[in-house]
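The two complexes that follow have chain A in common; it is paired with chain B in the first and with chain C in the second.
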Partner chain A sequence: MRLSTLLTLPAALLPLIYAKEQHSYTEHLHLKPLPDNSLYAGFTFTSTTPYTAYASNHFRYFPRSLAQILQYTHTAELHLRFALGRWDEESWGSRPRRGSREGGNGVELWAWMDADAEEGWSDLVNSLSGLFCASLNFVDSGKTTRPVLSFEPEGTLEELQETRNGTGELRLLHGMLPHEVVCTENLTPFLKLLPCKGKAGISSLLDGHKLFDANWQTMAVDVRPICSTGGDCILEIQQTVDMVLDIERSMRPRESPIPRPLPIKDITCDETKGYNGHDTCYPEGPGGEMGWSLSSVFGRPIRGSCALGGGEEEEGFDITLKVPSERTVEVISETAIPQSTSSGSRAYRLPKDANFDLDLPHQALESSSSGAFALEQPPLYASRQLTGHGAERGGMHTLLRNPHPYAQRIVYLESLPWFLRPYMHTLELSGAGGKMEKMFYTPLLDRQRGTHLELLIEIQPRSTVEITYDFEKAILRYTEYPPDANRGFDIPAAVIRVLPNNATQDQGQGRDYYLRTTSLLLPLPTPDFSMPYNVIILTSTVIALGFGSIFNLLVRSFVLVEEVPVGALAGVVWRLKDGVARVRGMLKGGGVGKEDDGGGVVKKGEVVVGGEVRKVNGGGGGGGKKDT
Partner chain B sequence: MRLTNFPSWLLALLALPLFTAAVHTSNWAVLVSTSRFWFNYRHLANTLSLYRTVKRLGIPDNQIILMLPDDMACNPRNTFTGSVFNDKSRMLDLYDDKGALEDLGMGGIEVDYRGNEVTVENFIRLLTDRWPSSHPHSKRLMTGPQSNVLIYMTGHGGNEFLKFQDSEEISSFDLADAFEQMYEKKRYHEMLFMIDTCQANTMYSAFYSPGVLATGSSARDQSSYSHHADQDVGVAVIDRWTYFYLEFLETRMNSTSSDIRLGELFDYMTFDRVHSDAGVRYDLLEGREQAVRERRVLDFFGNVQGVEIETGTQETQNDWKKDLEALQELGARAESQQTAPKSKDKNATASTAANGMPNVSRVSLDMAQGGGSWLKKMAGAASLAVLGGAWMASNKLTKQYAVK
Partner chain C sequence: MNRWADGKACQLHYPLYIGLTWDDYDISPVQDLASQVQSLLRAENDLSLYDFYIIADTTTAETSQRAKLSGPGAGGELGEYRGHALSVNVITDPSTKSTSASLRTWRPVLDVRHNPERSVDSATLAPFIASEIRKIYEHENDAISHLLRDTPFTTSGQVEALSPEVKSSLDARRTRAFKYAATYHLTFSLFTSSASPSAWEAEQALEDSIRPLLDRFSSISEFTVDTQVQLLASFSPSIAGPQYDESTREWKLQRTDLSGFVNAAEWPLNPGIGSGPTINFVLFVPSEDQSPLVLAETGGNSWLIPQWGGVQILNPSGKQSEKLSAADLRPVMLTFADQLSALLGLPDSPASPSLRISSLVRERATSLVLSASSTLGALARLSLKLTSIAIPDSVAKSVDETILRLDQACHDLRDGRYHRALENARTAEGEAEQAFFEPSMVGQVYFPEEHKVAVYVPLLGPMAVPLVMAALKEFRKLRATKAKVA
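The block that comes next holds the complex of A and B.
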């Protein structure tokens, strides 16, 4: 009896301790130099909240603004991506985080939501557009797809549904905006979600000027529920920023970012070249590892740590730097920094209230640099292009290359806008080692729904597979063209999920690997937008001419000169003229005969129209009158 | 002129203490750039400069609606990634001025409408607040009868229209009707409408709703010019009128308690500076020119921390009576507008009606667009006369030749 109470006491305390830890916040920065003077920086910010606290609107580190949106729209799991640039697999190797925190160029969003909440998705995209200053509200039904194979929930959604006593099914919705620009106004709200708001901790390095100048960058927000078997659920939000900076470019001063050529005396010449002389020089690179520091690359040092989770008991390191062990690294900080060094990587914990900086001077490494940059080979290479010419038809061509000595199964997802109409009968998988196992296809509906195409493909070892199909370009309505229609229309990236297989699981890489192709620019037939005005002007002219003549014919009568009634005023004038002529005739005597002939010309019964009657009469009045 | 206006002038003077005490309880700003493409950099810089200024003078981000149709900061053509400058000195980054002002909480930028979202439809919807229920609050203009609203527009325009993104236009009549809807829905207390575009002053000629003060950069048939270009950015970076507005606001409005009056601000826009005739329309505001010029600039550019007391939500009999009275007032106003004689002059001075309300007459549509320009009429008549004379002469000549 006593023993059992003793045993139950810690058990009763356990949930309390567990609940305390459930409100947690951690952040981590991963730095890794890449070949060609590039630097990969991966920021991870993770905060959690117990589901009970979330349900009762009690938040510590979890951002309230986002939580309320999730609650209102009944969203169980959310993934939001802002991406810019291209990850160069040829020179940088495998993608960071196995591609799981990446998005297609522009904005990408997918979420699991309650299926019975019909308006949920539109509410969600609208609310997120307000929160993140992005035009996410353009993700309408035409840009939304429901992928079947490509995504799987990261959280434990089934357990969550049980906890919430939710009966309804969850549905996955996916939308992409490849045209969306990612810029500082998206970073501002992103930072505001963090507990330290970019003022302290590693997030103080995030600056729009550097982040959006990177060769490749992606920002991600991921919310997922994690439930233990006992039914205790926590909600985790992970915000990540990954970027590849060009070190040389980032170190340019902000005031004068335009590079100028060095004076010739500062350039080292490659004297092994045959043509090297006093006036010919082949510039030689400085060689070795380029020198850089956090403050020179990011524009500022780290301003202290963002230690919120109680502080003392934290054991984790905030920064990991992956450089060879012989590389010199100087830590610049006012206080002592706990650090650990292992082969190939060093870790540092940030000081509480002091600035922190890392300085790596220029250094020529002894060992071959290939060892320093042992690049991990990606599971798959993919590229996608548009083919064909003309404004009517085109083709899509995707190349998938498996460089490994084992077969791989992949899921290939394309969500195409409705104005690109694929001919499915031309869909073809060519190349030696490709086998299509499954296909999910939702045909498009004009202006309502885009194409959703999902293929499950097996790619043989060391082989290349081509996916090709033809398509037709739709002609849009005049008002459907965007203001910059002549730029072309962005086609979202294809999402490729490499499924884990036995060979990779043996190597401890059990998870999926995601990669996305670049987005494409499709030129559609665009009208001359001033044409309607030309048509309007021309039509008006034609109508005016036609209408004018018909109107004239209808309302005017045609009469002989003799039949024209003489008005009162005209009579007076004629009488006066008559008098004058008579006087002149009396004075001159002879000239009347000539005028008589002149009068005769008119008199011969010319048909005159109403408006001209008076003129003709007035002109020939003298002659006419003379006759009478 | 002044003598004939004496009674109203006296009235304005008597009412002055009432007006100068701010009666609004919140300030909102709608800042719109309407042109896309890199070479229109200056229009975005104009708008962002105003954004910075109103933020500096205290209007919080959630009360500023910023509409930017294109992205200049992260444009591939921009050498200065993530920055937009309004001066060739490049001392001030308008897009994210973290360095100097972060301690004041001014870093970062929030754009509410961007890219293809900047359309005439969205702008009118924003003003009149007609949105689907899912529209986020941060993208709505949630003003009330106690809000002062600053509306700034810039772009390419012409006589009574302003282009949006090179693909559609908003006319002065659309704008006037939208403001009237705002007035009827009690969505503003007073409004300052500013526009920097070619022939800007024509954009406010059609306004007829009370409480709107309007100012523009150039008269009809005049262009608005850019101020200067930055050779490294590669394009013009700011327009003249906005440049001098900023110069005034930056040098004179040094704190949120500055007591600068609107008259001073308007007088600063001389022809020598702007190179076009900047105009102001006072007649829709109570007290008109004399009183309006005595208003504080901060009534529109700054923010007040006023408190609005709502007396419960219980519906009483008086509520619907009040509503009815308000409706009757609106009806009477509409009726008086219809019966009021159409004034010939666009800037007709409104007479004070018997009920004490300023009787603002609807501006008549001047199809010939000849209001006031007698010179043009004379020229037209003269050319007609010349043509007639020529016709007569030719007629005479042909007659003569036919005769001989």
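The block that comes next holds the complex of A and C.
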């Protein structure tokens, strides 16, 4: 069984189950060890409320704080993502949940809203910004796009509009904030939305220290309406947290997190390597599967279950662990745990008020069995880079590779900030098997709107397509630069939607697959930020100099040296200098005394005259009566 | 602006039109009685804020007769329909021993039972009615006098000194109540410290107990209601928590803990979106091992947090059920209803709720007029003090609107149209606040002259040096020539 199908199956069944029990809450944890000592953990929390209760403001499991925002802004369907890190497709294979619950690096938000969408959108981002402690309020019109092909509603929006007698068409708006750093302050409000608030059930494993230490993690909030044919609607909120933990790193003790080398006697040397001397050792890897337990990886065991729905839903299992059947798994709990084991996966139900822990000791598995757990190949590989040099121009280069023996159609969405100005005539699709079928393009407006570019491309079997275009970098206004302007500007990730086709539908994977490239860092020409102060000082100095000289030219009168009378102060200075010269003469010795006296007098005269002249020009202090 | 701030623009007076009916008399003795009562009421100086107009109304008598016949529902609009603040209904009843008066609960009607055969009663009828009316408006008069105290709207002799007890009770009522708003958001939350009960029939219970009260208030404000259930709620770490009392086998919550009982950091009680304050009502169900939980001093289970909401503890009954039924919630909701009236500032007397609400309308309108005027005064002082502040057009427009609305409110008050006065005063208050807190003006305040100096000093400093030196020189020269002349 594949990871993705396992996850899509319950999601597809959910509406059928909840049609009966309308106020409901379920949670599920999916664990799967990945190669290189990584562990994938996928948390899913689903609550529903009848639409009538939502409309009349009576909430049970559905969070009231979020519902108020949705009502106030007339949002029909909402998707919010917080993501950090990169899913390593080369070593971890296909994305969990077919990429439908992850976002680009930072924060991503898209929603279907009622007709007066512009104002509602601004209210929505501001309210969500307050609720999730994120800078979502910076998603302004310049960062908002209206994609056409990339997203489709997950809920039954048309039926909902009929039930609500809504006439206006719902509009999709999409915004990304790649610069946002997702951290603990976003997790706390996320947990507050859950009925058990991280105090019981699988959410008790979620701890900011471990979650944000993961190699890749994404938090998602998805609200969608589900209407049955009879016109009964329910509103479903699904909160998911997906992460890939490095087992070794998460198991390090918190008090001394720096890894230290083992003592030499504990290290086994790799004997297959050639040694030149006896004092060297190539340490051998531990081999086999690394040992781990829930409490060591997540820092604490699960504190009881959060089963709220009543008797009917207790059939479901809370935890699914996907390991080969010969892997030893010990359940540590005070009470008996109902569990089921099928080939390749084990399921557990959490005890009511007791701790629960899973322990998987270190074990060497036969290679044949791990072969059965070969990673699923993703439908598409994608990477995106900036090219070019200099502060004026640059280029974008995207590489899409279809590894499968059938052709695939994809939608490629770019939303670029306004200060990156693409030259659309340079847009080029090169490579053997690419064909552009459709293009949607909204040109940018400076400071008001970014570029929206959507391409529908068909990629031939086993071929690679390159999308390239050039762009110009805009020069920003002085106040538009962030404090860390020299770090560069984040360019949001490109969203790629792989449309389902006949070949994949045959394999039971009817739904879209989403992937996002990494976000990029664009260096823009930055000015010297001390410039205004330099300018003020420099111009002031120049003006003051000019003013001083002209003023003196106007005010002073110029006289010959001989006409200058010796002022009181000049006399004092003269006498002082005379004294100094005499003392100096005495120190040098009596032989030259006479000559010095005469020379001294002459010098005094010169000094005084020079001083007077300088003073006249400079306008400084000194003898006040010299220009009578 | 200053006329309002100084209280010169409006003389606050409250005309009260009181209808008088006497069921089996002709128009003339009723008019006699009316004029007697009116002169009696005006002769006394203690209700100086009011102008009483007693109107003998024979048509009302017919209406009320009909109302009596057709049942209680038909005459519901009696007072409001006639524009009367109160209707006095004198009923001749030979069976009564002495004259008695009673207020109807949901209508502003005072029924006076009177026995005409006893001549003593006939003579004292007018003073009796006057004293009854005075009793009804005494409390409101105190409250409004208290509002007007220490404001420029007080005129000498109009407001008499209040006793300290009355004053403190009025103060308590005022600190408890929310500021007046056009819309209030009511949030009813069930917090349980364990995982059950996880549901409550709040919708039904609210419909039964809270909705009638809200309908009464609907002439003053609008209300939105929402409910939520929050599980696994823990106490805030800042409070000591309940202590077990061996003797009574109860968990006692100390008085000092009550202020920190609501765990603001963890309990999701965020205010509603949109304008208007949120009033929170919290029902807390303690866990099995911490129940029964009571307040240490009174043994009660509910308390009110001024200008925030109400808290109530519901100890789980013997059988732990998943769901609280509407019947379980009935007493809870009645307590919440009491707390809500207190939080909205409803006065404690007179006995009839409809009279209390109309007296609340007058109080609120008065306090809004006062607050809008004082905001105007503050804005005027501010603009005089900070001369460099730039006042945008929007502020000027708001001030104009405020003054216009205040004038209208004043007229409405004097004419006895209290609901319209409230509406106008509310708009005036809103506009005044908007003018005072205009964001662009706040920004101006924080760019004082000193900052400009910092920019100009590098330019002016070097330029000043030759100027100063030349000035000194000229000064010396002048002195020297003077000395020479002398």
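Everything that follows uses one rule, which is that the second predicted complex is superposed on the first by the 519 of 628 C-alpha atoms of A that agree within 3 Å, B and C clash if a C-alpha of one lies under 4 Å from a C-alpha of the other, contacts with A are read in each partner's own complex, and residues count from 1 in each chain.
Just so it is clear, a residue touches a chain if its C-beta (ideal position, glycine included) is under 8 Å from a C-beta of that chain, and two chains touch if they have at least 3 such contacts.
Note that the structure is a prediction, hence the values are computed from the model and not measured.
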Which superposed partner A:583 touches (first chain B, second chain C, both, neither): neither
Which superposed partner A:191 touches (first chain B, second chain C, both, neither): first
Touched partner set for A:572, first chain B, second chain C, both or neither: neither
Partner chain in contact with A:258 - chain B first, chain C second, else both or neither: first
Partner chain in contact with A:432 - chain B first, chain C second, else both or neither: neither
Touching partner for A:484 - first (chain B), second (chain C), both, neither: first
Touching partner for A:180 - first (chain B), second (chain C), both, neither: first
Partner chain in contact with A:127 - chain B first, chain C second, else both or neither: both
Partner chain in contact with A:537 - chain B first, chain C second, else both or neither: second
On chain A, positions contacted by chain B and by chain C: 127, 131, 192, 619
Residue numbers on chain A that touch chain C, as the complex places them: 23, 53, 56-61, 63-65, 68-69, 72, 127, 131, 192, 195-197, 199-200, 306, 308, 310, 536-537, 539-541, 543-545, 547-548, 551-552, 555, 619-621, 624-625, 628
Contacting residues of chain B [partner chain A, same complex]: 36-37, 69, 71, 73-74, 79-83, 90, 95-96, 98, 107-112, 114-117, 132, 134-139, 165-167, 232, 395, 399, 402-403
Chain B partner contacts - residues on chain A that touch it in the complex: 84, 119, 122-123, 126-127, 129-131, 133-135, 137-138, 179-185, 187-189, 191-192, 207-213, 254-255, 257-258, 481-484, 529, 594-595, 598, 601, 615, 619
Touching residues (chain side chain C, partner chain A) in the complex: 187, 195, 198-199, 202-203, 224-232, 234, 266, 268, 270, 272-274, 322, 455, 458-459, 461-463, 465-467, 469-470, 473, 476-477, 480
